[in-house]
Amino acid sequence: PPSPLQPPGLPLAPCRSFSNNKIQVELDESSGVAMMKFKSPPVNSLSLEFLTEFSISLEKLENNRACRGVIITSAVPKIFSSGLDITEMCGKSMEHYTEFWRAVQEIWLRLYGSNMVTVAAVNGSSPAGGCLVALSCDYRIMAENPKFSIGLNEAQLGIVAPFWFKDTFVNVVGHRIAERSLQLGSLHPAPEAYKLGLVDELVPEEKLMEKAAAVMAQWLALPDHARQLTKTMMRKAVLDRLVAHREEDIKNFINFVSKESIQKSLRKYMEMLKKRK
Amino acid sequence: PPSPLQPPGLPLAPCRSFSNNKIQVELDESSGVAMMKFKSPPVNSLSLEFLTEFSISLEKLENNRACRGVIITSAVPKIFSSGLDITEMCGKSMEHYTEFWRAVQEIWLRLYGSNMVTVAAVNGSSPAGGCLVALSCDYRIMAENPKFSIGLNEAQLGIVAPFWFKDTFVNVVGHRIAERSLQLGSLHPAPEAYKLGLVDELVPEEKLMEKAAAVMAQWLALPDHARQLTKTMMRKAVLDRLVAHREEDIKNFINFVSKESIQKSLRKYMEMLKKRK
Amino acid sequence: PPSPLQPPGLPLAPCRSFSNNKIQVELDESSGVAMMKFKSPPVNSLSLEFLTEFSISLEKLENNRACRGVIITSAVPKIFSSGLDITEMCGKSMEHYTEFWRAVQEIWLRLYGSNMVTVAAVNGSSPAGGCLVALSCDYRIMAENPKFSIGLNEAQLGIVAPFWFKDTFVNVVGHRIAERSLQLGSLHPAPEAYKLGLVDELVPEEKLMEKAAAVMAQWLALPDHARQLTKTMMRKAVLDRLVAHREEDIKNFINFVSKESIQKSLRKYMEMLKKRK
């Protein structure tokens, strides 16, 4: 039994952990909760390698009967995840684009369709694909730091969020807010994100993990089976839509990313990012 | 004409009333408003007998041209309706499960698709099927007592709300709140239910009926035909979905309720309820 | 470059303007923003002539590569637009009804599907079809005068808003609020409209145009192409629905408006409007 001095959420022994290059996972078998930490500095960008590790980690947890929930957070200060790695979209082969985009789809299908309880502890900024990761969880808690922002800001870069990013977003914030936010490519500071319903809760940064563990415990108090069927009922229509149009969606991505105008705009964006450092 | 001292909503003569065992109905023909009171202590649970009376009462009112609206409330203190009667789901025959589930569907089809203005005056707690009754009305007013709660808490019992409960819920509170509330099987205290949009208004308990009558008068100030067509336009897609999958939905219910694990969980729940008394 | 004393949004030379009988348009080619002013007193009602001019004006702007956004407002005090002109629906031929309704559809298809950024500067009341015009824009700013109201109040007149009015409304305010507001035919005073999300922002009347210009500048800061594709992604399903059922929708309108009961109710309404003056 946990000691009364043990703050909730800190995993107790016995504990199984595995760590690859970019993601660290610790499973506390006594509580059934895994802690997944993105540790790919400088900005946890979703490279093909990152996505592959992410996918394998989720699969391992999903198949582990001792694991009932996962808290996703970042080990890199100030950033949750910067989203898709733009270098994967610049000057690469068709085969590479195909493999990359399939990996992006895979992560979303796994996470949005996960049988586990998924809680995002958003402890830094979370643009574009980083926001998608958070949106795909069951619950989003964000550090109440107005310097941290979150949103699907693809339009700012001259690109369009795929329809399943949009579907996921609409399911969270509704049509009106999604329409405006996607068109403007808005990055919402934490307080605004909370007001819009994009995140469910704000807490002081130092309380974030404690709160995530408490929320997880609340969700795990319910029997898994009914909760999982309910989740499937809520998310199936949107998941099925990508499954039905997966190859078409890959083709769209390749067509789009192959355009010289898009390549130019992405290169420009990368140079700007480099200068910022 | 009503006396100025007559508080609004108190039915004046002439008045047609009919009362069965479990539901009392009074129709004020001068205003066109029926008052329907659940009076099946201890908790107005939706047994097959209750549902049959409910269905017949709604049909009678629907076919009565003098009736334009119905206020649904409870004559039992502290409870609106506890939802489906679990004894109807325990240790019964396939035939019984079929008949019961068809009656549950019937009530929803009648109430959600009613041509009358339907106002729920929620004067007590309203879990599961009780919440569905309220959700199926045009407008929900709840006593502002934080001890009264409302919600689709099926997941707490290890069971899954049917898709049409979910559709009705999503139409009221939107996707994000429905997803969380259904997965957690939340029972929301009245103030929280109001904040989430699950009920439209809170009033002090002693003002509830007066307010319900005032709201009804506001709705009845409009011509019926245009209002009815508008309501149909808003609700048809969701109603049609059950109509198209009615037999399948009955089969799902039977499969589910026949499982030994579910029977066990329902028996356990019933015993807990008995001990509480 | 604009002088620092030049308030934002006031068009600078060079400027192309065209004006028909009922709508005045000024395009500021330096900013790419057109100002479209309804000037058809007394109430900017959407007659066939008005709709035709509106449609031609939108088409001209849409095809002008110098135009990226349009601000829609009224030159008539206290009224944005009173909606469809009822005289077009009273005692006219089938051919006239057909032509009129096709023009109503046309305006919505053009405006809701516009590639331009569309901002409604709602500087007066905006019932029925006037509300639809505002709902079809990307962003709605309203003068914070509680005497100005907005809503789809068709039900008050005994008529039913078409399904695509409803779809547009649901996309803005969500299902629950749309259901109640449409059934009651509510006209929401500006502060209430803001609370419901029916308008995005309230500003003092004298700041309305300045604010509209500032909002437009914010939207135009984004690259057009990605924004347009995003808008299409958000609105296509609802636009396609009317395109697929256009002739059927015209037939419905004709059937409806040809009914003696509806003609009577519209005549009564017109007489009431005349007496008011």
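Here the chain labels run A, B and C in written order, and each chain numbers its own residues starting at 1.
The rule we apply is simple: contacts are C-beta pairs under 8 Å (C-beta built on N, C-alpha and C of every residue); 3 or more make two chains touch, one makes a residue touch a chain.
Model, not experiment: these values are computed from the prediction.
Novice: What is the shape of the graph in which nodes denote protein chains and edges denote touching chain pairs (line, ring, star, complete, other)?
Specialist: complete
Novice: Please state whether the interface between subunit B and subunit C is built from the same residues or different ones, using more than half shared residue numbers as the mark of same.
Specialist: different
Novice: How many degrees of rotation map subunit A onto its copy subunit B on CA atoms, rounded to the nearest 5?
Specialist: Here the rotation carrying subunit A onto subunit B measures out at 120 degrees.
Novice: Using Cα averages as centroids, what's the distance between subunit B and subunit C in whole Å?
Specialist: 38
Novice: Residues touching two or more other chains, restricted to subunit B: which are they?
Specialist: Counting only residues that touch two or more other chains, subunit B contributes 174.
Novice: So in the complex, the part of subunit B that touches subunit C is made up of which residues?
Specialist: Residue list for subunit B touching subunit C: 138-139, 170-174, 197, 200, 218-219, 222-223, 225-227, 229-231, 233-235.
Novice: Can you list the subunit C residues touching subunit B in their complex?
Specialist: 154-161, 163, 166, 174-176, 178-180, 182-185, 265
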